[in-house]
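The chains carry the letters A, B, C and D, assigned in the order they are written, with residues numbered from 1 in each.
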Amino acid sequence: MVNIAVLGTGRIGQMHVDNLAAHPRAQLGGVFDVNTSAAQAVANKHNTILFNSINDVFASPKVDAVLISTSTATHADLIEQAVAANKAIFCEKPIDLSLDRIKSCEQKIKGTSLPIMLGFVRRFDKGHSAVRQAVELGKVGDLHQVIITSRDPDMAPDAYIEVSGGIFKDMTIHDFDMARFILGEDITEVFASGSRLVNESLMKRCNDYDTVTIVMKTASGKQCIINNSRRAVYGYDQRVEAFGSQGMAISENHPMNNLRLYSTEFTDQKPALMNFFIDRYGDAFNTEISHFVECIEQGKQPKVGFEDGKQALVLAEAASRSIIEGRTIHTKEI
Amino acid sequence: MVNIAVLGTGRIGQMHVDNLAAHPRAQLGGVFDVNTSAAQAVANKHNTILFNSINDVFASPKVDAVLISTSTATHADLIEQAVAANKAIFCEKPIDLSLDRIKSCEQKIKGTSLPIMLGFVRRFDKGHSAVRQAVELGKVGDLHQVIITSRDPDMAPDAYIEVSGGIFKDMTIHDFDMARFILGEDITEVFASGSRLVNESLMKRCNDYDTVTIVMKTASGKQCIINNSRRAVYGYDQRVEAFGSQGMAISENHPMNNLRLYSTEFTDQKPALMNFFIDRYGDAFNTEISHFVECIEQGKQPKVGFEDGKQALVLAEAASRSIIEGRTIHTKEI
Amino acid sequence: MVNIAVLGTGRIGQMHVDNLAAHPRAQLGGVFDVNTSAAQAVANKHNTILFNSINDVFASPKVDAVLISTSTATHADLIEQAVAANKAIFCEKPIDLSLDRIKSCEQKIKGTSLPIMLGFVRRFDKGHSAVRQAVELGKVGDLHQVIITSRDPDMAPDAYIEVSGGIFKDMTIHDFDMARFILGEDITEVFASGSRLVNESLMKRCNDYDTVTIVMKTASGKQCIINNSRRAVYGYDQRVEAFGSQGMAISENHPMNNLRLYSTEFTDQKPALMNFFIDRYGDAFNTEISHFVECIEQGKQPKVGFEDGKQALVLAEAASRSIIEGRTIHTKEI
Amino acid sequence: MVNIAVLGTGRIGQMHVDNLAAHPRAQLGGVFDVNTSAAQAVANKHNTILFNSINDVFASPKVDAVLISTSTATHADLIEQAVAANKAIFCEKPIDLSLDRIKSCEQKIKGTSLPIMLGFVRRFDKGHSAVRQAVELGKVGDLHQVIITSRDPDMAPDAYIEVSGGIFKDMTIHDFDMARFILGEDITEVFASGSRLVNESLMKRCNDYDTVTIVMKTASGKQCIINNSRRAVYGYDQRVEAFGSQGMAISENHPMNNLRLYSTEFTDQKPALMNFFIDRYGDAFNTEISHFVECIEQGKQPKVGFEDGKQALVLAEAASRSIIEGRTIHTKEI
């Protein structure tokens, strides 16, 4: 049994705690959160250890690995400490909002052979990974275009938006990683266009955008289009399309259930989409944890790691700069 | 150019007239209807001959074939006259409401080599015929079950229902033929169940049913289920499913257009179904006429003819009797 | 926390064990199986009690309820014993293969107020229950026809088929209950037709059918059609259609994931269906257990209980007799 | 009856001829083509006049209107001559490959009240126009993003590609117009990205691209994405998506028929898409001509005219320049 402690017991942390507790080959090694009462409740529910400090976690010989779901600003520090303490690492995205900080972290942990996994959960979605697999198996021939539609069901609270790092680092970051996952090769050019259509005043205040389109290209000319909106009233819109010389593979949306309604006015109406990521990617979060457990068991590197976290941020930086300059940015400029 | 005269210029007759006029290898040879003014209008529109009598049509040496879309009671007589006049025949279904009359007609025209085609238009629908083709190509393996869903968009006028011959001979007749078409072998057993749910008082008065289910079996055990309703508020519901040992083929419904709507309450909503047979089977009516033209040109028998019209009526008779007796009827009992 | 012991740790029993262990308000109270080593493994995995005998389970004051997933022949006895021991009951379907035995059991437990729940899991499927809800909310108007398509992905092992009680009591039993669930009123007439198309020799030997169609009617004339096959090569085909005066509600199939493939030959191809009941109805099994826990907590009767188990068997008996006699059987004849 | 002569009897011209011949309120007034034998065959088929020269067409007092489906280079001249001859005009797209020529033509015909219609046939597609209607009716709320997927089934012949004017003026031109149609407001910014993935050598030789993505914005910030490929092996891929604050409307693809196939490996497989524009937009070409006839009858301007043809070319020019300069081009720069 792999012993994993969870750092950070907010919404996503609690979900990871539940998944670890139910996992056949993992043991929930304890929890920590700066919000002690929240952490206590989680510990009680699962009859596990409540650590008094981060140091206690890292000092515990029983703990094999840490799952980092604290606030973004602490991620890089915790990764460095975990490496120093010889614990395997699962870290929620993004590593940091600053590319410089990511690079300095990279330097510090260089050479470690500990499994370090980044929480790009969508790679573990059955539909999205089936698209990637179809590409790998040659079912679409040579890949020409990847189209990612990714729209949140609703704007996050203002307070969150204000510190999120902007749409590219907070929301598109998942899509940048998905683009890299499906394309299977490095992206060299990035163009972005942004609009303020959902909440113009908030976006102006934050110098941010709520509706963006990104067009990217690889060295071999493959194109990738991402379109994002902070609010899709019909639910969490998550589609991936891979178009190639021999066909196309699409990962389709997930309505809440498989009902179809027919009436005098319409036919074949489906319910609204699953809403939100803990529902929509519930299976994927489980598969993700299983992959992490397997990597620890076998001492191998996860399929998605630190470098992927860094490259996604490079694309986010390129997108931000493209909007400002109104031109294509080459990733080597970042 | 094949010269075809149209007898009966009601709604369906007019549609055939339009199709013949537009056909590249057919010539509209003239029209006749007991309602002279209606026929005159049609003749004017297409600048064609208005015949003064049926006899004039049959006497015309220019006319190669007649398309019979008059009232049902006249079909058998007209078929006999057409054979006597050496004209190829396209006759709308049913041949007659009486199996005895059909059999006497059969005797009279026995031995003719003239093309005689029955207007079971659904055989020429792209989707339905693709199901049949899939079966023939072995794509579903051995056929086990055929499920036909067939619901009209609305009840016909009372006056029509009263003289229609009942739901089995008027409406299910198309589905009986579709069952034979897809199954590709003789049906030996028929069970039917009827309800009065759409218009109970009218159905009672007519000793008829508006909602029926028919279960049939072939000698080799293949099953076929037909479910009918006189009114589907979402439009003309026309589905055919062929299930077998290696797969399944389905002919799906046709919404009015390919719009999909998403809102706060729903996703992927399609418009109501095409409504009614002249729209839904518009392409098929054209293909049907083309097949008739080709049969005349090549002097060959149509893919669907007199015997098919007769067998569909046998099944209708069996269904009627099954409802009365509450048991499976063997077609050899009819 | 509700303490529930599991009797029978075969495939479905193990799944219930896992669900109970993960349930926030239930406690796995221990397990028992005549196959002691299998039960031991399950007990070890979940660190729970291995009971030495059924009597020990019923004697334990900690156990609030039993979940019966033993072989069918033991169900009625265990229900009687559980009632005597004052334990709430969740029993897998069917109660028994003999209607007489069910009736004698009914007599014995008459008057108990203990929650007794039958494992008709499909009532808890999101899609199927959404169809029922649509009917209740009047979204389809007056219900006219219910069409249930239910095909297993493959024939069970011969040894199982031989003792299953026949297709109606083993497989269609779920569909009979679904029919009652969706219709919401008593079924009065049953007609059945059976074929041997999947494995003719086995079916002949067992005097059973692998391909059946059942047509049923309620007193008010509502129709229900069930079509079953023991083998659908594309996966577990589970569809429910409710057609009424104002519309239609359909519960659609569940492909393995949401991939769509396009190639030179085809478009929009989905993967095979989820396969088999533990996958397809995985969510429903969880919801089912939650409902049972809630009933125990609140001392209320489950939405699906002993009477439902009995009525489903009445329909199975009627179907068997209809095939033999080739006629509609009235349920009052059973 | 409106008398319309057809200039240019190539593939698309012949289709227009057939539609005019079948139209209830139009009369085919004759045909002309520099390829006299082709024109003769068309004239014979429809028993209409073969004009000896363009001048004869314009001189004919019977001719009310001309349908121009000659080669692109002749369009502007013919429009000018038709206006001089007082004939209503239907002209296939594009008006010309040179924006300057379009502007000089515009000057010459300024002030005419003759109906002048451009052949942007997709505006008359049932699905696409239903999307526009949904937007107009407020069904998607405020429009935020329009996504147009437009992929030809296969590369046109090399000889055609070489003189086509490039992908933006030849193929994307339809999508530029669709963008304007759905957005309902002027586009101010254009960014384009091009790749050579289908036929690299041909594209290099022509200084053209076979795979392009265009991102556009209106003054109010609405975004529009077009993605094009010269070859989609699964057929003619034509989708339009309008996403807004209250929902989404999509015009979906048209498979060849409504067959769905299920097998051991897959479910719900549809046939390849309709292939090519004369099939896919067959209905739309008919509706288009009806609109033109109606405009002539009522002396009103068509819903899509000269200005739309000009604006689509402005966008094409902007896209070409954007690729060269790697930046967003403002349409006022063109």
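One rule holds in what follows: contacts are C-beta pairs under 8 Å (C-beta built on N, C-alpha and C of every residue); 3 or more make two chains touch, one makes a residue touch a chain.
Listed by chain with UniProt protein names: A, B, C, D = Inositol 2-dehydrogenase.
None of these values were measured; they are calculated from a predicted model.
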Checklist outcome for this item: When each of A-D, A-C or A-B is compared with B-D, the one sharing over half of the residue-numbered contact pairs turns out to be A-C
Checklist outcome for this item: With centres defined as the mean of Cα atoms, the chain at greatest distance from chain C is chain D
Checklist entry - Is the C-beta contact count larger for C-D or for B-C? => result B-C
Checklist entry - At what distance in angstrom does the C-alpha mean of chain C lie from that of chain B? => result 41
Checklist entry - Taking each chain's centre as the mean of its CA atoms, how far is chain C from chain D in angstrom? => result 57
Checklist entry - Where does chain C touch two or more other chains at once, residue-wise? => result 233-234, 246-248, 253, 261-264, 271
Item to check | Residue ranges of chain A touching chain C (in the complex, touch as defined) | outcome: 21-22, 24, 45, 126-127, 130-131, 134, 139, 246-254, 256-264, 271
Checklist entry - In their shared complex, at which residues does chain D touch chain C? => result 233-235, 253, 255, 261-273
Checklist outcome for this item: Within the complex, chain A is touched by chain D residues 141-142, 144-145, 147, 149, 151, 189, 191, 193, 195-198, 211, 213, 215, 217, 221-223, 225, 227, 229, 231-234, 243, 245-248, 325-328
